[in-house]
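Before anything else, here is the set of structures, which you'll find just below.
First chain A sits with chain B, and in the next complex the same chain sits with chain C.
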Partner chain A sequence: MNWLKKLSLVAVASAVLLSTTISGSAWAKDDLKGKITVNGSTALLPLTLQAAKEFQKLHPKVKIAASGKGSVTGPQAVKKGIAQIGACDWDASTDVPGFKAFDGQVANKVAVIPFATIVNKSVSVDNLTTEQLKGIFAGKITNWKEVGGDDEDIVVITRSFGSGTRVNYQAKALGGGDIVKKEKNYKEVGSSGDMKTAVATTPNAIGYIDLTYISGKDIKAVKHNGVEASVENVINGKYKIWSYGYYMTKGQPTGATKAFIEYVQSKKFQEGSLKKLKFIPISAMK
Partner chain B sequence: MNLPAQHTVSHAGAASKPQRDPHGLTAGNKRARLMDRLFKNYFLFSILALCLVLAMVVFFIGRTAILTFGEVSLAEFFFSLNWTPEEDQFGAALFIINTLSLTALTMVIAVPISVGMAILMAEISPNWLKKIIRPLLDLLVGIPSIVYGYLGLTVLLPFLRELSGEGLGDGLLAAALVLTIMILPTISRISDDAISAVPKKYRDASYALGSTRLQTIFKAVLPAAGRGIVAAIILGMTRAIGETMAVVMVIGNTPQLAKSLFAPASVLTSNIVMQISNVEFESTWNYSLHMMAFLLLLISFALILLIRYVGRKREV
Partner chain C sequence: MKTSKVLGMILASVVVATTAMAPSAAAEAGHKTAAAKTSVSQLKVVNQSVVIDGAQVSLKTVSVNRVVLYSLRDLARGLGASIKQSGAELTVTDSQGMHAVTLKAGSKGYQVDGVNAQFTVAPQSVQGSLYVEPTAVIDALGGEVLPGTSELRSTGRLSGQFSSPWFNAAGNVIVSQDDAETAQLFKLGSNGQSELFSDNGNLIGATLSPDLSTAAFTDENGALFLINTGNGIVKKLGSDTTVKTDLTWSADGKKIYFIQGDKQEKIAYISLDTAQVTEVLADKVENKAEVQVSPDEKKLVYFVNVTGKAETDKEGTEESLTIDYSKAGTQVYSLELGKKDAKPVQLTKELDNKLYLSLLSDGSAAYISADPDGATDGSVLKLISADGTKISNLVADVDVVSSRAVNGKLVILAEDANGSHLFEVAPTGAKTEMYSTKASVSEWALAKNGTIVLIEDGKVILVQSGKSTELTK
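And now, the complex of A and B:
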């Protein structure tokens, strides 16, 4: 049984060592402290994580825990008191199709998220109007030749109901039009990553995604009403399919939460890390 | 074959230890008894902890699930085909029917192939081939389902698209094929064990009566191994019903009744995983997703009980 003793000794020693490192690591001089939990949108998660990393360097006594799920879980968690900040792709203090307003919550703009219509590389069409998109997603236009392409069936790929990307796309690109399920050539996917894979691997497919996800040869962004989906066109106001990303808080934010949101909204972060992550600074919009 | 051998070796090792050390015999005995008691309690605790977790799963899922019927009638949930949560339509019948038809389709494809493979392994193939196939199948059992799903998405779907001329290829057939590949090793390995366990005298008697090999297999060996094979099939079925990731990737995830093999559809598991992250905590929508999970739980419990029942009968 000698090995057992040795093993337990090692276990105890490492446990002691571990606990001292953990408790010893939180050293700080400034008095801003607290715990911030951020829940919600996966689209905003990279931004939140980067901001949390930088913010904790400045204020080591503040602990920030961030996680991502569906957009609606953000304001939900704030309502329940699980999180101080709920990241959401739409302004959850107002009604949107399918989701009621969350009373008493304040929407803090933190970034601009552009979206784009994407098609598989096999599609020859490179421009679609709002009316054409409406027809395609409502299932009224089913062949690419009806919108100036080849004689091929249109395969519609869409996010499942409740997705923040879908809420915004319906509102901005389809002019509030519906996305109607069909018997064939219709598929729902659960995340932006799945959307990219599905459109990339399915010939004649059409879908929609955050602009930051577009890369590679298998998918291409389609112009909307003749305007190319690009950061410049969002900023100069020509391209309409974008939305603000919001941090929802219960009432006006206070303490560490307020400081964190202010940091994310600060010029230093907006012009630096946020731009590097391919979001658009809120100050760029008029 | 290996396991019992290892067992005897370790037993012999444990028994010979006190003899080698005659001075500490009583002390050793005491310590051994203490260790025995310690381990007995440890194992008892593990089992109780597991039971507690199981009870909690049933309790918490059930508690949320039951709230569904505060706002949706039993009849609507179980018989309506209209699942449009955004318009307060919570008919889960289409998912239940799709789940059943997907499982049935999978079993129709998988059972003949896997039982055939089991017969090949246990009765027909030469020893060297057995030594290759068995470890290979064991390896296949351990492959994560997401890997199968990914292969389905990138290899199977383009192939089905070519074959059918459909634009998408997603649907029950694609899901059933992926599931078949997933549960094939499970069914065939367990059936293989069941067939191998049939005593040699059955075969000898059959041959002595003048049967051919085919007759021996189908008239003597398979009936004798029948219950084991049924248990294997049910086990495969449990896996097929509960499988989520592989199915989500190839079924199309559209909440509607599958009217053809290539129509995009959705089953209980895939619908839960697609929607659970996008619903509000306290909503009928969330409750009904929990109810669907609870249903899955009940189905798998029923199947496991069925295996126990079938298994016990075999022993008698």
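And now, the complex of A and C:
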């Protein structure tokens, strides 16, 4: 570039700058950097990815990588130091049936997750009590006619051991009852998506899933003790099968991890994208 | 310096006055105004011209010890306020009936909505008219004297932290207030006058139609709604309740494309005419985002957020848990809708953070690349050629914060050592500065006529013809 052209550009740039108003406010560049890895609950994975997308627009130099393999792998990964955040459908800093507390970990509430019993569209039953569900998942009730349905074998679809959905379902839908492995009409799946697919494609199947996954004509939610699984009934206290979703961290979070968790907990995210992904804001349960 | 003094000084310097000697009614009434050392018999009534709510108005004033007092009657008329007298007391009420100021001649003490306050100079009665400190009365009535100007507003500007600005078809700015107790969206005029547009929190982040007349948004049930940006009337569009994110309008405003599904695994659109949802892509690839559609609707580009891969043994033991994040990151894909049986094509492979995807009119795609591990601190604007074979840096000499294709132009918000800048970027990468400020700009929107609205440190700034106006405080 010749000097005359350079001079012209400088002059033009100066003129443009002079024509603008300079605010007295300080200009602050975003210096937040870091890598955040999040592993665990598949139920919380869509929420994590959406939050990551929005958070990175505010903090482009923060890298966020997420993965899902079931809730227990969240605090496990944090304990092993291979993830900063363990997404878990229960408070893994305390003992729950089947799992000991993860010492030294802090549970950061990020969402309310409602769960529902689902059945294949072929099933005519639309309500099940805690006792009936206990019987079905313990393998004592094996035919739909025993709970008011057609004379068809019940196919039980359940999540693998370590699933947060399974922990919460056992505790709240089955009243602490067991899920007993059977030789036939029984299948274990590894994720919420697989659960939806399995129940949708297996006639006479029953399973359980986060409310957010329920869509389409191939599966339907059944009432629990006469109460419909809905966000409204969770908030008003009538429907009991729900839990908080947590981000587990090794001690109190710091740096970019802390900032990310605070973003997920912010009113903007909780009342905005989180609701549109069909989770319930944590503030709704106060 | 207090605003009242600034106002007085500005008005004194601006106004051409017609003056008249006035007898002092206050003196006749026997009031002793301690602050008014100037002999009341020497007070000159001066007609001053000021702007109230954008209109030029002439007000009578007097100056007491260099403090300019305004005729209460004139001021009230200009502000649309009403005055009632009860004995020696006058009560001024704003046009909305929200605030009341009670005062009397010769008394520094007055009441605002029942709370005691003090004037610097007591109201003066001159030639049968009461003269008062304007700023105190305007503030008390919920109005505002614009800083550094002689302009008065009957309603003060909103104050607080604001975000998500957009323009409606009439050129009004719509913003949401972040620090309100509940979600609130306000419509702001070019002078900062405001009215509540909506208290529907689902509207935050709504997507505007190309003609700005309509915004689309979803609710917590996955239902899709349209709001008329002029009158705020909302209507539901269709009955589909699947999860929908990343809404984007077709150029003709007849369809809204979106990412669909609880795992964000599909791309679909809804027709505004029929309210029918049509699947465009269902390839079982999860975590899609930011779908963009070409003006002729023959090409889509979108992000796929690739997750890490966690593995355990069958028992799910802690010892066996491994996670491979080596491929985790955001990648750009394209889909040629105009070609029969076309499959999505992955356009990028790098693991940098990719943000703000735009599909340009020539078929090329731009995105912001930020590399936390990279040698440079800044984020650059990258361009993928229309045929998808070449990726190059379009803007790399400033830290690119956000980018968007608006009215066929690619516009970026960037930062450098001098502050924040809004640039229009040509296909060659040449930048034309549209606005610059030392303040921290977080969001922006462009009207079709080139007017800009920005969020600077939480405040809403309107930029028209190079002149910036703070619409909120």
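The working rule: the second predicted complex is superposed on the first by the 258 of 286 C-alpha atoms of A that agree within 3 Å, B and C clash if a C-alpha of one lies under 4 Å from a C-alpha of the other, contacts with A are read in each partner's own complex, and residues count from 1 in each chain.
Definition applied: a residue touches a chain if its C-beta (ideal position, glycine included) is under 8 Å from a C-beta of that chain, and two chains touch if they have at least 3 such contacts.
These numbers come from a predicted model, not from an experiment.
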Report task. Kindly say whether there is room for both chain B and chain C on chain A in the superposition, answering fit or clash. Result -> clash
Requested in this report: Could you look at A:221 and tell me whether it touches chain B, chain C, both or neither (first, second, both, neither)?
Outcome: neither
Query raised in the report: When the two structures are overlaid on chain A, which partner does A:212 contact: first (chain B), second (chain C), both, or neither?
Result: second
Requested in this report: Figure out whether A:162 sits in contact with chain B (first) or chain C (second), or with both, or with neither.
Outcome: both
Query - Dominant toucher of chain A (residue count), chain B or chain C - result: C
Query raised in the report: Now for A:277: first (chain B), second (chain C), both, or neither, which partner does it touch?
Result: second
Query - Partner chain(s) touched by A:70 [first = chain B, second = chain C, both, neither] - result: both
**Report entry** Touched partner set for A:34, first chain B, second chain C, both or neither
**Finding:** second
Requested in this report: Could you tell me if A:80 is touching chain B, chain C, both of them or neither one (first, second, both, neither)?
Outcome: both
Requested in this report: State the stretch of chain C that overlaps chain B in the combined model; pick it from 79-87, 97-105 or 313-321.
Outcome: 313-321
Report summary line: chain B and chain C footprints on chain A meet at residues 69-70, 72-73, 76, 80, 160-162
Requested in this report: Enumerate the contact residues on chain A facing chain C in the complex.
Outcome: 13, 16-17, 19-23, 25-29, 33-35, 37, 39, 45-46, 49-50, 52-53, 56-57, 60-63, 65-70, 72-73, 76-77, 79-80, 82-83, 160-162, 193, 212-213, 215, 231, 267-268, 271-273, 275-278
Query raised in the report: Which residues, counting only chain A, touch chain B once they are in their complex?
Result: 69-73, 76, 80, 97-99, 152-155, 160-163, 181-190, 197, 201-204
Query - chain C - residues contacting chain A, complex - result: 163, 178, 183, 201-202, 204-205, 218-222, 241-245, 261-264, 286-287, 289-290, 305, 307-312, 315-316, 318, 321-323, 325, 328-329, 353, 355-356, 368, 370, 372-373, 377, 379, 399, 401-402, 415, 419-420, 433, 435-440, 456-457, 461, 463, 466-468
Query raised in the report: Can you list the residues on chain B that touch chain A in the complex?
Result: 85-86, 153-154, 157-158, 161, 166-168, 170, 248, 252-256, 259-260, 262-264, 266, 273-275, 277-281
